[in-house]
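Below are two complexes that have chain A in common, paired first with chain B and then with chain C.
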Partner chain A sequence: MTIYSLYIYDRHCTCVYYQDWHRSKPPRPSVEGGILPAVSHQVNPIRPDETTVAGPTYTNPRNTLTSMSGVVVAVNDDTPAPSATTQPAPPQSGLTFDEEAKLVYGVVLSLRNMIKKLSGKDEQFVNYRTSSYKLHLFETLSGYKFVMLSDPNTDSLRFVLRQIYAGPFLEYVVRNPLVSMDSKERGIDNEYFRTSTDRMIRGLSVFQ
Partner chain B sequence: MNVPAATSSLSPAILALAEPPARLIDTPAMDYFLIEVVNALRESSAVAVARTKKLEQEMVDAGLLPPPGPSAVAGASAASKRDSSFRDSIGSGISRSESAQGKSLVDDEEEGVRQRLEAIGMHVGANIAERLCHDRSLFTDTLDAVKFVCKDLWSACWDKQVDNLRTNHRGVYVLQDNAFKPITRLSTWEGRADGIRRAKLYVAMPGGIIRGALARLGFQAAVIPEITQLPQCTFQVKLPKG
Partner chain C sequence: MAIHGLWVINKAGGLVYQRNFGGSSRFAVTCNSPLLTTSPISEGLPGLTSNEYLVLAGTLHGIHAITSRLSPAGTSSGAQVIEGETFKMTIMLTATGTKFVLLTSLAETTADVVLQKVYEVYADAVMKNPFHTPEMPIRSDGFDRRITALLG
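Let's turn to the complex of A and B:
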């Protein structure tokens, strides 16, 4: 029983945040211009002059040497990840991240619309399950869509997504002077939001 | 509070006067408002700086100011920064003058926003101090006034007290707050150094509040906020001796 990844989309249908915990293949960095800046350091388009990860390293199971326990290590770490040069990179997924994000959003939107047409506007799309994952959706009235992928045997994680919204999102995104909500040019990634959602997810009983 | 039966003859209006109900404000609403204040002032400062530059350009065109040559660029940029703090670029070499002028535009705007925020803070601090001191005895000395700032002003504005107060007994006080409320939620994507740089703007108004409160109480102070590590903030208060 575990949680794979989290995507957040705003009402302009763009991905504004991405975080993952377990993935079979790490996401490929997106092409230049494919995603907004400030979505995630992991999937930011790599410019040709950058050889090491420019931003601060976040705890991520793919990074070697960081803690594999549930406790979030203090984020005072500005050294670039050594894994870029010390070991061969694991095989990456076939799609770049921006395509992957758009596909996920497309699936969610089409299913939502189909369900509303079939059963009326009081029905809500909650989650769907395949043989290898389960996708949960929580949508806010303001149009933000929280999408979470977990393993197929999990119960509905809507309450988790609602907790993320009521907790870290309202605290460190809405109330953060440096994050512009509803901008069409930037995502909402920032350090406090990332560490607090990480801490919240790792503290759940369904995780690991 | 239980009202004893003997006083039940008092009308609710009199009871309300005796113990005024606390008027509370929703802190997130206040936070959102302050965020927008900074954005609005940024726009306003940009307009003001653009207007000054345009005026200067017109004066240069009309021949009233010396045209900006390589040695006079530093002079022109010095003139434009007349009302803001003295900068290193004035003493810089000729090769740096171009970049200095480009940078000074952004710095001018930032400085403009900071000054406006501090001015707002001074008015707010003065009136808060007026309200908080209405039943208090006179201050015995400057240390007493600074302690008032640390305790009463801080709890009124930011729900806690200052964590650490240091002084050199010669009129310089350092107030340290380990989790200063206006900057607790400040976080960026670019990293901590960028966060610290941008946080400087958001402590300008609190600095003004402290300065305004002390000024209204009769102490002319210079207040310098400093951030070395989010969310910790220190305010250096320089008071004249006595």
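Let's turn to the complex of A and C:
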């Protein structure tokens, strides 16, 4: 029984916050421009060297073989293999974080629509389970979506997501004048919110 | 404890069998059937048009593939149970890629067992039927009858 990760999306479908705990395959850093700043420091794009051309191609030296990046090959000659240092050793998820965040949102949105359609009324999608994880959704009236991935055997964690909303989120995001909500330019990550969410999750009985 | 419906989705994501329970509704999904026929309303969930069921089955097929890639720990199967506030969908994927989906109330605990039995009936009444074309809509009275006996 454990909790893997937490995603928060705003009503513009963008991921504004991410945090993970017992994840055995950490997400690969996002590509440049893939996510907003201030979502999570652990998935922020890795800044390439000044001489390296920014873009999704820099992480993989093989990509320089593609025809579209002929210019990059010439530029990279000055600083050989900058990518060697950018990839950490532990096994990583096959997806970059921005791709993963989009897939999570896509699944949640499709399932939400499917449940609404099938029930014929305004019924909410609550969770789904696979053999290795369970995804929980809590949606606020303002359109924020709280998504949590946990062990498949946990009961519904909707109340936890509600608590995060009613506690840390309202206190350190909504009432925080330094966080510009709905800006479409920045996430909502700040030290107080992260610490207090972390404390709340670590205090749960399902978190071990 | 109620069973609302049963879907069979082929390996390409096409809905080959759909049936609601609770009411007495059933229509085969065929390529040239008049679309936009409304099925009678079952007690738990409202009936949708056959077109809507086709779209939902296709969506589910896609979601199922994506959910297996989102695993935070090791490899994962696709979604097995999807829950709403008043009902849930239990999905069984066979080795050949056919999906059996059972729509039930949340309290239903035997959905897995029921799906296994449906699979057996499918193997007997559909796959052994020489007149059945694989991956095409199932229109077999034998299958219908046995499903009625099982879930009715």
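We adopt the following convention: the second predicted complex is superposed on the first by the 168 of 208 C-alpha atoms of A that agree within 3 Å, B and C clash if a C-alpha of one lies under 4 Å from a C-alpha of the other, contacts with A are read in each partner's own complex, and residues count from 1 in each chain.
Rule of thumb we're sticking to: a residue touches a chain if its C-beta (ideal position, glycine included) is under 8 Å from a C-beta of that chain, and two chains touch if they have at least 3 such contacts.
Everything quoted here is computed from the prediction, not taken from an experiment.
Between chain B and chain C, whom does A:G120 touch in the aligned arrangement: first, second, both, or neither?
second
Which partner chains sit in contact with A:A38 here, chain B, chain C, both or neither? Use first/second/both/neither.
first
A:T130 in the overlay: touching chain B, chain C, both, or neither? Say first, second, both or neither.
second
Of the partners chain B and chain C, which touch A:E191 in the superposed model: first, second, both, neither?
It touches chain B, and chain C stays clear.
Does chain C touch more residues of chain A than chain B does, or is it the other way round?
C
Using the superposition on chain A described above, determine whether A:E139 touches chain B (first), chain C (second), both, or neither.
A:E139 contacts neither chain B nor chain C.
Per the contact definition in the header, classify A:L103: touching chain B only (first), chain C only (second), both, or neither.
second
Output the chain A positions appearing in both contact lists, the one against chain B and the one against chain C.
Common to the two interfaces on chain A: nothing.
For the complex, give me every residue of chain A touching chain B.
Residues of chain A touching chain B: 37-38, 41, 55-56, 76, 78, 170-172, 174-179, 187, 189-193.
Within the complex, which stretch of chain B touches chain A?
Touch residues, chain B against chain A: 28, 31-32, 34-35, 38, 185-192, 195, 198, 202.
Considering only the defined contacts, which chain A positions touch chain C in the complex?
4-5, 20, 22-25, 93-95, 100, 103-104, 106-107, 110-111, 113-115, 117-120, 123-133, 135, 149, 156
Would you mind writing out the residues of chain C in touch with chain A in their complex?
Listed in rising order, the residues of chain C that touch chain A are 45-46, 48, 52, 56, 59-60, 62-63, 66-87, 103.
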